[in-house]
């Protein structure tokens, strides 16, 4: 009987396994893309939300905050901030930065105008309505 | 060093270490901002410091991978690099792009930087780890492609070994999956879904191939164990890494709006992700135990073994801790993630790059190993950095557990900022461990400047 | 090759038995235990005879048989659990 | 691992009447990983069911048990044919070996067709992996296993081709055993999957 451990078999397992599981991943991704319309709140993806996302990105908000748990862990989760604080609080908060309280974490002022603030709030509202399987565990994020 | 062109790795490694130092300095700034919130505000807000910290990490690791590739591929292929000049030109382009990007982060408001660099033409900025301006991203692709051309030609015309093929596949994968960083749909769920195709498929996919190839290369050199044995184990280990890691991407899809079945697929596959790391640890120790020679570069051997252990602890154990969906429901987006990220990056990628540097640098400087004294200093730096990283991880884990309890589980959950105040003590201790890490790194850098009688091979 | 043919026919017969049991519409332990036992026998035949792991040096036979026993055992536990 | 590494470094002579592992060790690592994944999924199914018994029982009634049983017989037969193929190559009969392998692949092909019909009716009924937890397992595991049958057929095809061209001999047929081991694993997994998902309630 031939017991063997050959490099060629190991190599074939590597290439075959990698291709196999990548194809499986593509299959699952295909199903995911078909399922997303029921979950990703795309119906409310308005022009304003798109502008809001752009502001979110170009102010590098993710450098301090998390959004759906992803980002930096320096400042509060914002995917559900619309539900936690409401639109007016969010706008006032952004405008009121930095607090200047000594020793406290500071957020820069981004000098957003009224329309940009609305876009930002609309983006956060859209985000808060994505189906995240009940995450976060509670309103505190 | 068998081929003259291998020396092109030297500037890559020097740049890597210099940027590593920068990364740690900004890490310390952030660590302090965690407890003294207004430190350096508004000169360097936290988000800028973090961007510099993480981007420097990525860039210096890429420098390390590239340097390693330029060193090991000629040696494995048994011929000179296709074009040393191209490799050098790419080095300067990449360094200039990297430094310009970091200066841009520090000197220009991010929104202005975005406008200046064409982000309105193709918006790719402002997403975690992919904050680089468009020209930098394009530059990364250009440098990567030029390198791949250079290396692929070298391999095609030379000897093909498991090590140079795996290295090449890993680097090609790195370039290909980076292309997803250019895809930024306004649909946030899709954005996040494919963002992970760069981030996860890098660090838990193709980077593991690069890491495996580098480790295998050094192990062959320092242990003298038969290439055949090392190469087939390399294949088995990286096969396991991809079998578990590709679908393991699912552990990032639990709470971002993707279908709920990812909770099952992600949990099952990522629960198995520690296996390849465990195999790598056992592999490294086994090969060193059955070594056929005593390599005079003891520091390199130490780094190689350390990589095995710390990668398993950081990526394997700390990853497993919070990868199962019911646990991740509570730990997602807390200091637990930070703890895992720190030890995994250090244990897997920082240490493997240093292993490679530690083995090759003396050779490129004309000796088989550094003087015993220089090696002692280097080994001190190993222990200082490694142990302080263990403590950073432990403190962040403690902070994370307390944070989760206060903010997410307690009867009356408190707000994020209130919870942060409660865990401040752990942040102070983390910062202290970070200072030790910096001392370790400074010792490491110092070890390059220590002269002394060159060691000669000792046979036992 | 008569042995393998016999094993093959055993496997087919056990599959028919499992299917027949399900068709009778009985449920609970009456179906759980015989079906799991039939599965155990089928799995053993495949592992020891078809995969030819019986008599192989080293731990491989027990690794694979152990997998079968563990999985079937825990399935039994889980299903028994719901019946109480 | 230590023991295994020993094997790899110096192939020891078979001790006593013990045989060596049939097929290549690398394949057995792959098989082990696959068994782990399937095993965890099976247990996840069994324990997820304990919290959703009614849902699982009700959804299970919508499955085509007969199709599942026929598929079991197909895979068992495929496995048997592969055993015959290994036996033939042991006698140096390359062509007969290839014939048996092709017969096994035909069984696999029939399995795939039946499975596609099963999936087709479910998809037409608007059922997907997100319908409920039972169908997540039924479709997810079913598709995962489906892909394994495809991979198994690719492997058998490669082995059959090499056998047909006379690439194996009576004293050199590790490749046939390697392919056979994978195919038996695909069978073994289905032997557990069929009663678990189609029958037990």
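Labels for the chains are A, B, C and D, by order of writing; each one numbers its residues from 1.
Definition applied: contacts are C-beta pairs under 8 Å (C-beta built on N, C-alpha and C of every residue); 3 or more make two chains touch, one makes a residue touch a chain.
As the structure is a computational prediction, the values presented were derived from the model and not from experiment.
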Each chain counted as touching chain C and chain D at once: none
Chain pair with the greatest number of C-beta contact pairs: A-B
Centroid spacing, where centroids are CA-atom means, of chain B and chain D in whole angstrom: 37
Chain B and chain C, separation of their C-alpha mean positions in angstrom: 46
Inter-chain centre distance, chain A versus chain D - centres from mean C-alpha coordinates, in Å: 39
Residues of chain D touching at least two other chains: 7-8, 14, 19-22, 26, 29-30, 36, 129-130
Contacts with 2+ other chains: residues of chain A: 5-6, 10, 13, 17, 24, 31, 35
Chain B residues counted as touching two or more neighbouring chains: 232-233, 235-236, 239, 243, 259-260, 265
All pairs of touching chains, each written as two labels joined by a dash: A-B, A-D, B-D, C-D
In the complex, chain B residues that touch chain A: 30, 33-34, 36-38, 41-42, 45-48, 50-51, 110-111, 114-115, 119, 123, 125-128, 131, 162, 184, 186-190, 192-193, 228, 231-233, 235-236, 238-239, 242-243, 246-247, 249-250, 252-260, 262-263, 265, 329-330, 332-335, 337-338, 407-409, 413-417, 420
Touching residues on chain D, where the partner in the complex is chain C: 3, 7, 14-22, 28, 31-32, 35-36, 39, 42-43, 46-47, 49-50, 53, 65-66, 69, 72-73, 76-77, 79-80, 82-84, 87, 180-181, 184-185, 187-188, 191-192, 194-196, 198-201
Chain B partner contacts - residues on chain A that touch it in the complex: 5-7, 10-11, 13-14, 17-18, 21-22, 24-25, 28-29, 31-33, 35-36, 39-42, 45, 49-50, 53-54, 56-64, 66-77, 98, 100-108, 110, 126-127, 130-133, 135-141
Interface residues, chain C side, partner chain D - complex: 1, 4-5, 7-8, 11-12, 15-16, 18-19, 21-23, 27, 31-32, 35-36, 38-39, 42-43, 46-47, 49-53, 55-60, 63-64, 67-68, 70-72, 74-75, 78-79, 81-82
Partner chain D, residues of chain B touching it in the complex: 226, 229, 232-233, 235-236, 239-240, 243-244, 259-261, 264-265, 267-269, 271-272, 275, 279, 282, 286, 290
